[in-house]
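Chain nomenclature is as follows: A, B and C, assigned in order of appearance, with residue numbering initiated at 1 for each chain independently.
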């Protein structure tokens, strides 16, 4: 394996949690809901995942627990924002604070416990393609899942009727309601899907990427996933580009630190965050005039009866 | 069964006051359940958490010391949130304020000069926080970049900047390689209110700020402008108010208050700069702001309550071996309940039998 | 004898304490065009929402072809053969015509197939549309066509049209009436909601008239006069306006606009192009036009919510004010009433006293020594309440607690109390009951008679013909020359509203 292949491999690995979480949030926002609690759901996924995996000794059960934990937090968010029509920004912040705290409590007994991570699976034939093979097809199952999510969500949003209905709810909930679509139920499903994705992304961190628990191990990845959705103009394939861009920066700055670049390591560590800000600014400049965000994003819906 | 919301024509005053109290009550109820689930005697745990911090003079002073930064930051955030400006980077503004003020303390270290130093440090702290907060404000008004994400990203940047300074250029050469600066000169530390106590003049300063902000919010045109921009941005434009300028104003003001809290903490409570200077004040203040119903006096009450949970959490860590994160769970829960109870102000909530919507 | 197509019996609908429908009966036969007449707030929309499954009645029952049915959802209504075109269109701006139509179909169909059907139906019913366009690019009339096609895809037996002509030019109305005639010929029934009496007398053979949630008459409108229908609707005579002859044409010019162009602010907006006019003291100038032709932008430019490119493009009493903000213009004696009551003219969750402050803080002395003078603000509310008969419970309620008509009286009265020298008002009586509408129109006429200049932007042609001295039409951001109302015909205005006469200038631009 060449150095370039190795670097690309690690970039894809580093990008995968961002991509999975961003795709989930993209569906949520397409339905018109802004869930800022990605960070909280993600870290709960990480904590629940490793707790279940260590307790049962089964990584698959760990992944399942992570997904369910993400969905449970998403359900709390849905109850507040859909059931009680509370401010989505505030509820999302609450979810992040709550998730960070609860994950610390859940993960506390497992601090310092090492376990084997979920291994890589080489896909026969495909992994033997020169260059692309080892980079794309000798990865762990999460990476394949992220590929499937991008393709599946693209198809769902633009080729299926259910996807059309979901986008309609995000554009104009009053009209969707007038046509008889159950706006709140559709949004609930979207929010739960987002929670599942965030949980899965968290499981990846604690079960495959760095297979042990540390408090606060998401390190802002949930927030970066939110920024990727904006960067992607709510399009799944662009979210993939965004995620790999951020993953690439993370890996490159790590390599730079390792290679002893004469810059403070803190500056290099700050790069992903600074680039996020820069990208948010640039994308708004490029997109000037064209409103790409779902029109009803972040506005609560209360049907009158 | 499903939930049905019916819009209220008017909100009764009793509800406005009652809703945060209900939220606190629900949090305490949840705390009992959680303590029991973790295998502790809930009454003893509640006592340690919420009563012990108030039972002696040391505890009371400690509550005031912790409440001071929380309330200072929260009243600024309340102005932001009222006007729909989502500054969630107060933690970063707090740190940069501490850095900016400490810079002056370190620059004059060894040769402190006159009574101007302390006021200048406070001004530097406020200015640093304000300038740092203006970054997301400017990016929002100039480029339309989402201020939630930019202000939060800047928290990480501020943390790394602090880390670099105290490990690098500003490290105490005689500090056994610990990541911290020298202890500030007496001239560069905030005077204590009482000899031997913990309270410093930061607390009365905070009370003054609360009073000023209460007048600003309720009795001035600027306060009206803030409410109007948040409530009905188009009507604010019709009133001739500039949303852009207001965004700058509230970000600068909240950043200044967070920065002031930061330098008060560095030069008062800690008396040096170190990475662990804030136990998450900037994030907890978000909860304070909402629990205080985005009202300055409400923030004061809410800040005291959350300060108690901080100290209660420390007590519980020592006496019950409960992880500190339990405190954050309570804080998150509290914010959930506050938001849920706020729905009662706008809507009547009813459970209806029948098909789903 | 075949049973009626649809029958509503003793329908009751409550919203909290409000009784929106009070034992309402309605009977529509196969193949008839049935009018549902009533003022704003009479309960028309509530009734048809129940027929379409959007709301559930508290009491009473609905019969479809003689059999009792429950309509838990619009889907159930559509399955029976009920289609509805809403007054405020329920379209998705960023989706295409075909996607919008597909969303209204109950059976999934591939988009290309839907697009083909749309093209087919639009040709058959004379409703030209291109299926691949995004809705925000369409005119208001075209959007209505999308709504109608959407219903026709389901092959409905009953089509409900909610105030369909309120957004159309007179010529577009004719097109709609032709489509309705064709629907009737095919044996479909139409339930036609309106408060426009002449229209109803022309195209409907039965009418059910609602007042304050009750049926007051079921009659043949062709056998009634417009006046008798109005009496039934309002429950008494509405006095005519006292409106004397127009101002002399040599009165001094108060507002002068010269070659004003302004780009659209948001991507779905309309740019103003080379707008010029003069407005004299004592005169009411009406600006007619179909919604979305630049009315909002014109209001924003005249009020100062958006600044003109050059100061000299707007002159107030001869002074160039194009670069002055709204408060500077207020201090010069101008006053403004925007179209949207809640959210633009008033903040819903703030009390009336603070809503008085909203537009009055610059010129009314509500701020003293840096502090708000709440006593003075409350006094202003009381004065408006007295002068304009604003009905409200407490002395200083939140704006959202007022009914539409009372809030409109408040936001108009709030400005008139200052005795402005110039008033720019958009849609002064939109969605307001007849009594309040008359009071507001009379106040505008009186203000002009006292020497103020008044500009009324409205989509209600009847209103403009009643109160304006001169009339101009806005189309695609251009303003036609203003002409005296006396001597203008509806046909001429309608042609201008549809863009005829603008064509050459538009090509050039």
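Convention: a contact is a pair of C-beta atoms (placed from the backbone, for glycine too) under 8 Å apart; a residue touches a chain by one contact, two chains touch by 3 or more.
As the structure is a computational prediction, the values presented were derived from the model and not from experiment.
Here the chain pair with the top count of touching C-beta pairs is A-B. Greatest centre-to-centre distance from chain A is found for C, with centres as Cα means.
In this assembly, the C-alpha centroid of chain A lies 45 Å from the C-alpha centroid of chain C. Centre-to-centre spacing of chain B and chain C amounts to 47 Å, using the average Cα coordinate of each chain.
Averaged C-alpha coordinates give centres for chain A and chain B that are 28 Å from one another.
Residue numbers of chain A whose C-beta contacts span two or more other chains: 304-305.
Residues of chain A that touch chain B in their complex: 36, 40, 76, 80, 83-87, 89-91, 93-95, 97-105, 108, 182-185, 215, 220, 223, 226-227, 230, 264, 266-267, 269-270, 273-274, 276-277, 280-281, 284-285, 302-305. Listing the residues of chain C that touch chain A in their complex gives 15, 53-56, 73-75, 78, 86, 89-95, 99, 102-104, 108, 266-267.
Taken in their complex, chain B has these residues touching chain A: 3-5, 7, 81, 86, 88, 139, 143-146, 148-150, 152-154, 156-157, 160-161, 163-164, 168, 283, 286-287, 290, 323-333, 335-336, 339-340, 342-343, 346-347, 349, 356-357. Contacts from chain B toward chain C in the complex involve residues 6, 9-10, 215, 219-221, 224, 227-228, 231-232, 234-235, 237-240, 355. Every residue of chain A that touches chain C in the complex is listed here, in rising order: 161, 164-165, 167-168, 171-172, 174-181, 289-291, 295, 304-305.
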